[in-house]
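What follows is a short report on a single structure.
First chain written, first letter: the chains are A, B, C and D, and each begins at residue 1.
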Amino acid sequence: METVLPAEGLLGWSWLLIALPLAGAAVLLLGGRRTDRWGHLLGTATVAGAFLLAVLCTVRLADVEGRSVDVDLFTFISTGELDVRAGLLYDPLSAVFALLITGVGSLIHVYSIGYMAHDPARRRFFAYLNLFVAAMLLLVLGNSFVALYVGWEGVGLASYLLIAFWYTRPSAATAAKKAFIMNRVGDVGLALAIFVMFAQLGTTSYAGVFGSVGTLAGGTLTAIGLLLLLGACGKSGQFPLQAWLPDAMEGPTPVSALIHAATMVTAGVYLIARSAPIYDETPTARTVVLAVGAVTLLIGAIAGCAFDDIKKVLAYSTVSQIGYMFLAVGLGPAGYVAGLAHLLTHGFFKAGLFLGAGSVMHAMDDSVDMRRFGGLARKLPVTFVTFGLGYLALIGFPFLSGFYTKDAIIEAALDRDDAWGWILGGVAVLGAGLTAFYMTRLMLMTFFGRARWEPGVHPHESPSVMTVPMVVLSLGSIGAGFLLVKAFPLADWLEPVFGEEHEAAHVVAPLTVGLVVTGVMLVGVLAAWLFVGRREVPVTAPVRVSPVTRAARNALYADTINESLVMRPGQWLTRALVWVDNRGVDGAVNGLAAGLGGSSSRLGRTQTGFVRTYALSMLGGAVLVAGALLAVTSG
Amino acid sequence: MSDFPFLVAMIAVPAVGAAAVAALPKGRELLAKQLALGVSLVVLVLAVLAAVAFDTGGDRFQLTTSVAWIPDFGVDFALGVDGIALVMLLLVGLLVPLVIGASWEDGAPGADTVREAGTEARSMRFFFAWLLLLEAFMVGVFAATDVFLFYVFFEAMLVPMYFLIGSFGGPRRQYAAVKFFLYSLVGGLIMLAAVIGLYVVSTSELGEGTFAFDALRELDIDPGVQKLLFLGFFVAFAIKAPLVPLHTWLPDSAAEAPIGGAVLLVGILDKVGTFGFLRYCLPLFPDASRYFAPMVLVLAVVGVLYAALLAMGQSDMKRLVAYTSISHFGFIALGIFAFTTEAATGAVLYMVNHGIATGLLFLVVGMLIARGGSRQIGDYGGVAAQAPKLAAVFLVAGLASLALPGTNSFVSEFLVLIGSFPERPVYAIVATAGIVLAALYILLMYQRTMHGPARGVVAPLAGDGPAGPAGTADEPGGASATAVLTAPARTAVRFVDLSRREIAVVAPLVVLILVLGVQPQPLLDIIEPAVTATLSDLGATR
Amino acid sequence: MIEAPDLSLAALAPLLFVFGAACIGVLVEAFAPRDVRHPVQVAVALVGTGGGFASTLVYAATQDLSAGGEITAGGALAVDKAGLFLQATVAGLATLAMLLFAERGLDPARSAFVAAAAVPAGSPRDRELATATRVQTEVYPLALFAVGGMMVFVTANDLLIMFVALEVLSLPLYLISGLARRRRLLSQEAAVKYFLLGAFASAFFLYGLALVYGATGTIRLGEIRQAVGEDGGDVLVVLGLALLVVGLLFKASVAPFHSWTPDVYQGAPTPVTAFMAACTKVAAFGAILRLLYVAFGTEEWTWRPLIYGVAIVSMVLGAVLGLTQTDLKRMLAYSSIAHAGFLLTGVLGLGADGAGSGLAATMFYLLTYGLTTLGAFAVLTLVRDGDGEAGHLSQWAGLASRSPLTAAVMGLFLLALAGIPLTAGFTGKFAVFRAAIEEGAWPLVLVAVLASAVAAFFYLRVIVLMYFSPPAADGPTVGVPGIPTTVVLAVTASATLALGILPGAVLDLAERAAIFVG
Amino acid sequence: MTLTYYLVLAAILFTIGAVGVLVRRNAIVVFMCIELMLNSVNLTLVTFARATGTVDGQIMAFFVMVVAAAEVVVGLAIIMSIYRTRRSASVDDANLLKY
């Protein structure tokens, strides 16, 4: 990549982006109860401030030559040949993410003020949320893989804390732990990738690594690519590490919206896009990315069809949508922009959807069982409208956000013009259909039909502090796609990062693609109406269902597989080792001691107390000594 | 400034202090505590001043003192520090006052009542006296530049720790104390044979025998002999460190030791082993070190995973922490025997960071035990709701020991791994898998004790009312080692949050964890020259 | 006309002091009225041993020993540097032992020794005497004769003198080990066993003497050396050497000639045990060193394997058997067997013609061990129950809480015996191991360190009992030591520490004294 | 040379004595066996004196006799005392001290 200018002026202060929310978190955590009254306001303010700063920085960035600046801060670790400097890289890509994070972040902070109003630990919630924003910004702004790794694990911690926010619930605590552990599995991959880079190139900074990618052997590159992918899968809940994401819904809904829909889970996409120079050199790794994306896309979509928990459905939808993004970035230059565009739009409408779901739960006394919803459209008009818009955007209703970005991905896939291309394209289209199905099912079960509420539930619209962010986001779900793809093409903005957007020779005319996808989408909607809308929704899920449904309800047995392949053997191994350590290793030592004791008492018997025995031993000794000496000297 | 004999003072002050504290009349417990704390603080100040006087660009060994001690053996009372020793001395100076602070309430009526029947409450004067004597020896062992002197301190250290465990430990303290002593003694005696062997070699090479480290470094010893001598030293250090499979004494000792003792045992005493690898095994026996490196690396890496898995299988918190330490020592050994500057520097930094992080972890566990009166993880649950500060510190300590970026341990673990990867990729990869296990054992313990509903010895909150009498009845007894109960079930109590004293004890460590997590460079600058010097003795590749 | 043999009174002064005192003691026994006897005897004994000690030092300081020493008494005695060091050690330790003998404050009957040895144990008369405060004082002259014998033993330049000295030191020991006031049966049994086995052993020594005489035609150590040097070691010499060494190893209680040690140590009155453990060890090893150094220095390769073997057997047997002992005196007996093994590693360090540092190392070890073990036994005399000393381990439980000082001192001695640094025991061990490794005997040293690790266990067990265990219900009482015992404890304890922390001077002394002539 | 016979005889006597110590129970007899050993040594000494043509050996023999006599005195005293206590001179009865 081209030379990076040192930052001056405003951009030199871009580290404040991270510092602000971090300071907020510190104040709230150390401040204790004193800060209870205004803590949430401070938390929101810091993030909003960061958003403003991000906007200003981005505007300034636009007229920096090369549209990319390096903010060098201080020496982090320097010993031997390793020299890691703490610094930021502010370029179009990180700028886009910074805007997304701070923007959506601010909205969700505002929303949380209302959503968490009655929680005694609201201050702690905002502290963690600020912590997350800071870590996430470090992740996307860092100028080296080490910095990225630090942010990477930082957001892992934040997500752990937030999922376990209601830690007295065992389920929440367990989900948090699960999330952290599965992330760590991915982190191992990321760490190893960094080690390889250092071993091969002696540096870990983006500039250094990408600058000398050419010097690396193909095998090494592939290894790096796959290791990075492992990391990405962990963080973005991609196959085979997708199982933690749905459980993460144990956290408060704003968390699900911000971390587990809009921002953190897309870090994997960021990582791969950021490492484009590496992936461009290794088709193998890139193919694997494609495969992962495609598989996850389907898994998520299928599982999404079967759940009755509104948040779980949205979670699996997230998994599936990120699958789309992976698929896109896996396509290489053709897909990076498409993937990122979808990432941004998804950030808007999925966040919106979650906030809507939160609002619904708020109305339904925190119930998440869609079988107990129904007919809420009239009771929660604002939620209904905003949620509806998000829904349309997600299923790719023409001319809404999802429509543009998803189509772009499918086009890019088909443009490969090979077997892979057709397969992936097909998968993507099928996914679109499934998406339409499960989202329509969700809409119908929640907002239409007869009210199946629990007795004593009186739905009411949420306060404006919650609805306003929803409205804003729904506007995003309408316009974002058009803006990013047509009006101000994201491609041009990101051009310094991914190079010229190459004019792909369309295998299939975009229009055709658009029609096909829309058609499939309508089929999905129709199917959903046939299955769910027409007939009465049973309050309890039917037991006697087809194997397919059962598989889907169990998320294709992901947990079962993890359990039987990892957890059980692990526990067994642990138990076995504990036994070995006590009986075997320690046993050997104690056994030795016991043996000495035993031989001691046995030898002691020779001390019979009879003079004549003693005399015998002496005589024997004497004879032995004399004999030995004679043998030595004469022999 | 640097003419002042810091090191001599750092040995003499606590030694004299120990005598003074022990000499205090019966019943002057408070005075004993204050005196001990004062002395240890003086040592801390001395350590810091020594660090200031230390010139990172200067000679390898600084602040040196040397007087003939036993001329007939060619033994000098020679002290001096390089960067490695210096940081360890700083750690010693830091931990001892905290330990004293943490043990403040031990022996208080509240704590002694829960001693198991038969043993009358021991006067804490001797506890603090032993502690100070131990500090003197620990300083000596790191500051000695004469192998004989080093050995003397190395063995002498056992005695105070033996009494700390045996007199003030938990139910099985007799077994633990003897096991600790014998294990270390076996290693030590084998090392003694090697030390003498080294002396004899020096006699034959230099005409007259010497124990001076710098002189011995210059010898070129026949490889065959080197191997024997290396093994002699190695066994001793591998037991101290400890490396699997010579580790089984540590869980027992650490679990039975009073918390203060456990902190120093795991935080510093065991570091003497890894310190010994770096200071003695590598420079004195380069060929043998290279020859045995693969073996050691295997032990190290196996230890990382093996101990981590075992940690998960523990139901006793102190044993769990002990096993995590064994796993960490695997990392340190990996870093040392990878023979690269980055890894070795990381390993030394790891020694410091582990002392801080695991020290904190032990202290917090102790505070937990002081409240709950049980070491069993299963007896706890939902503590976070009642003692949020305690839970927060526990979490920080836990995250530090699972090497989360932003905490000090990350830097060292990262350095060890990234440094050993280029030379020993396979071992590094296997060890890296350990970071997942680390997350597992820490979070399992944290979830079981802190999260979930109140359980076991933790009485559920009675509404949102103020702490009931149950809460006040259990005034925190500090990290009371004596509070360890044999009786499984104890009446559940409301958990009170950290007292001011306890916060004062943990705060410095928490701060260090975070600061060193972001700014490790000052330490690295102290450590690196010594490491490069060591590796050049070894003739290592990079 | 025979001219009188040359006699250097200065050189013989130590012996004269001790034997003179012994004879005076006999006269005192005979003529002094009973009530003054004890103080007088103690005074005489102290003068004798103390004078012996002092006069050795004076002699060593004043005489010019550049030649290494002088051979006097018609060539019968070699008063050389090493001999003087050993004599001084014996006399010094004996002085302390005498103080232990003289202790009257501990036993309610005011003495550790039987009132009338002739009265059958358990007879009515004996029972009434047991409680009476009447004391018998014949132990003092007897002990003095033993001391004299030891001092001759270590300077004997002549096998016959060595034999006579052996008997002179043994016979009184046989007797006084049977003089315990309490548990007389055990004491008498100890005496019998010691006597029979001792006589048996001296027979071996004597036969060895005869064979060597036959082979070389002389019994002067120096001449034997020449003779052996000329016509190598023929069968007679080798056999003779073997039997001589066996006789000496018995006294040094080296396995497999150790079997008497535990029984006698346990049965004998504790002060006597202390005396034997400290002084006899020194004397026996002194003789072994002199024999191997002077007479068979050129035959190093003949006796090396022998010493090697018995050293290993002794260390291992002593250490392992000590593990399961429940009686402290018996435990210390096994520890003394193990220590005999360690001493032999030093002997092995003699090297060809005594070129190695073994002599100095062994002598230093003897000093440290003597002091430490004497102190340890002295502590044993303090801890008592209704029936004399409380020797059973279980009775020592929780002693630290009952009498911290006693426990601390005992702990110090035990750590020293275990060879922990900063105690005399460590310095000694280091010295002998170094000597052995210099002679290439590192495998032996490896065995030695492992053995001392095993031995450490039973020393530690006592500490565990004293410090970490709850006090026994029927705990013993810790007697308040009178001045004599206090002095002994003070001297031995401080010496044990001093020789651990600043051994320089004494080591240097041993180093310079490491010369035998003859 | 004929002196060898004396040596062999002495060796045999010594062995008999040693064996006697092992096999006889009565303390007195055991002690007499030891005396026998000493005397066999005397014989050896005298023989060697004869062989070397010096008188040293014979003088040594006298020394040995004296020492032996002293031993008898001490030995009998000890044995008597234990006999009077136990009413038996069997060395096997005296085994309170063991292990």
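Criterion: a contact is a pair of C-beta atoms (placed from the backbone, for glycine too) under 8 Å apart; a residue touches a chain by one contact, two chains touch by 3 or more.
Fair warning: this is a prediction, and the values are worked out from it, not measured in the lab.
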{"item": "Chain whose Cα centroid lies nearest the overall Cα centroid", "value": "B"}
{"item": "Of A-B and A-D, pair with higher C-beta contact tally", "value": "A-B"}
{"item": "Separation of mean Cα positions, chain D and chain A [Å, integer]", "value": "96"}
{"item": "Computed distance of Cα centres, chain D from chain B, in Å", "value": "65"}
{"item": "Averaged-CA centre spacing for the pair chain B and chain A, given as whole angstrom", "value": "37"}
{"item": "Interchain centroid distance [CA atoms averaged], chain C/chain D, Å", "value": "25"}
{"item": "Touching two or more other chains - residue numbers and ranges from chain D", "value": "18, 21, 30, 91, 94-98"}
{"item": "For chain B, residues contacting two or more additional chains", "value": "none"}
{"item": "Contacts with two or more other chains, residues of chain C listed in rising order", "value": "192-193, 196, 200, 262-263, 457"}
{"item": "Full enumeration of touching chain pairs", "value": "A-B, A-C, A-D, B-C, C-D"}
{"item": "Chain C to chain B touching residues, read off their complex", "value": "401, 415, 418-422, 426-427, 429-431, 433-434, 437-438, 442, 445-446, 449-450, 452-453, 456-457, 460-461, 463-464, 467-470, 502-504, 507-508, 511"}
{"item": "Complex interface listing, chain A residues touching chain D", "value": "604-605, 607-612, 615-616, 619"}
{"item": "In the complex with chain B, residue positions of chain A that touch it", "value": "29, 74-82, 146, 149-150, 152-154, 157, 160, 164, 167-170, 172-174, 176-177, 180-181, 184-185, 187-188, 191-192, 194-196, 198-199, 570, 573-575, 577-578, 581, 585-586, 589"}
{"item": "Residues on chain C engaged by chain A in the complex (per definition of touch)", "value": "192-193, 196-197, 200-201, 204, 233, 235, 238-239, 241-243, 245-246, 250, 256-257, 259-260, 262-263, 302-303, 305-306, 309-310, 317, 320-324, 454, 457"}
{"item": "Partner chain C, residues of chain B touching it in the complex", "value": "68-73, 118-120, 151-153, 155-156, 158-159, 163, 166-167, 173-174, 177-178, 181-182, 185-186, 189-190, 192-193, 196-197, 199-200, 203, 228"}
